[in-house]
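Look at the two complexes coming up: chain A is in both, with chain B in one and chain C in the other.
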Partner chain A sequence: MKRMKEYTPYHSPNDPCPPIGKKYYSTPPQLYIPFQPANLPQYSPKEALAKGTLWPAFYDYYDNPYRQRGN
Partner chain B sequence: MPTSMPDDYYRLLHDLQAVDFVLVELTLYLDTHPTDEEAVKQFNHYSSERKKLKKQIERSYGPLQQYGNSYSATDKWNWSDGPWPWQV
Partner chain C sequence: MWLYEKKLQYPVKVSTCNPMLAKFLVEQYGGADGELAAALRYLNQRYSIPDKVIGLLTDIGTEEFAHLEMIATMIYKLTKDAKPEQMKQAGLDAHYASHDSALFYHNASGVPFTTAYIAAKGDPIADLYEDIAAEEKARATYQWIIDMSDDPDLNDSLRFLREREIIHSLRFREAVEILKEERDRKVFF
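Moving on, here comes the complex of A and B:
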């Protein structure tokens, strides 16, 4: 299960709908690497094709945070 | 039109796809890192690798591309022999 950041939106007493609860957002690695350094370790071609990136440093797969946590 | 292709056909196309992906990634990387000799060396290596792979595929399964990007068979205009891309 992918660790994702979360926040809880304010739920007003006047809000007729049930509270949303936790909302999740992803912060992929490219946010933290301003300029890609040279000679980063690489995947093999087949693995890079499957994972969608040549460099493990930028690997960022999608994991539905709402499914496991049930809310 | 053949009803089925040998496993080798799919294996070679998978290899070609993997090499193509590496070339795309390296192209994008080199656009912003033009002086990274290591990456340029790797790019040229995979580029020649792709040429060999393409020749190998086309020798047994016909042309991959059109308009002169691939040779045609000499005895017959055979670009429509193999399965179409969406049929692969």
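Moving on, here comes the complex of A and C:
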């Protein structure tokens, strides 16, 4: 499932700046699993410390979504 | 009572000399949705919330101080070697005039920290929803800083902090479910 969502704001012919194109917003995993079920798979302790969570189901990598479009 | 461990929760490494990033990061230091506001909000709410979720607020509130310390380290590393001229170029001239390179609890626009940022309604559901919103706002702040930062090492630490906001949000959502006392009950509609 794609967690980074996007939409295109309306751009009027009278707007002063060139259109930004797509606007992005993040919808991370806690929105879809509001209560953690028991016995989910786990990362190794070392990996968990690096990622910030023990649970792959709740890991969400983030990067600047605008950069991918060459901005 | 607290025990202090003399290490950061996650390593902080800054690889490029870009004091302007300090200007952005201070939002998470003394801003409305920053780590100080979060720590004080949760630790204060503990006294007027059902027993079942006090421990959660203690844990998360404590961790927010560990995050505050990471942010402080980032700001310190970015500004400690900046000369007045570099502070000026980074847009930190007003900060320098008032504080030199000392850290101060204000937001990215220089507005000093205020306890008005901290909500405590006394209603457990209202307060927990406030906490969920605070975590999502802090997550968004980290995203916006990552979007503007081109320092891969700094972004690595910021990604860790963002992930923690996600987990905190999840735990507060679970706390709401626990207080609803509807779990493990068969519900027919």
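By definition in this document, the second predicted complex is superposed on the first by the 67 of 71 C-alpha atoms of A that agree within 3 Å, B and C clash if a C-alpha of one lies under 4 Å from a C-alpha of the other, contacts with A are read in each partner's own complex, and residues count from 1 in each chain.
In the analysis below, a residue touches a chain if its C-beta (ideal position, glycine included) is under 8 Å from a C-beta of that chain, and two chains touch if they have at least 3 such contacts.
In this text the structure is predicted, and so the values were computed from the model without any measurement.
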| item | value |
| --- | --- |
| First, second, both or neither for A:Tyr7, with chain B first and chain C second | neither |
| When both partners are placed on the shared chain, which of chain B and chain C touches more of chain A | C |
| Touched partner set for A:Pro28, first chain B, second chain C, both or neither | second |
| Chain B versus chain C as contact partner of A:Tyr62, first or second or both or neither | second |
| Partner chain in contact with A:Pro45 - chain B first, chain C second, else both or neither | first |
| Chain B and chain C footprints on chain A, overlapping residues | 35-36, 49, 53 |
| Contact set on chain B toward chain A in their complex | 14-15, 17-19, 21-22, 25-26, 29, 32-33, 36, 38-39, 46 |
| Residue ranges of chain A touching chain C (in the complex, touch as defined) | 26, 28-30, 33-36, 49-53, 58-67 |
| Chain C residues within the chain A interface of the complex | 10, 139-140, 142-143, 146-147, 159-164, 166-167, 169-170, 173-174, 177, 183 |
| Chain A residues within the chain B interface of the complex | 35-36, 38-39, 45-46, 48-49, 53-55 |
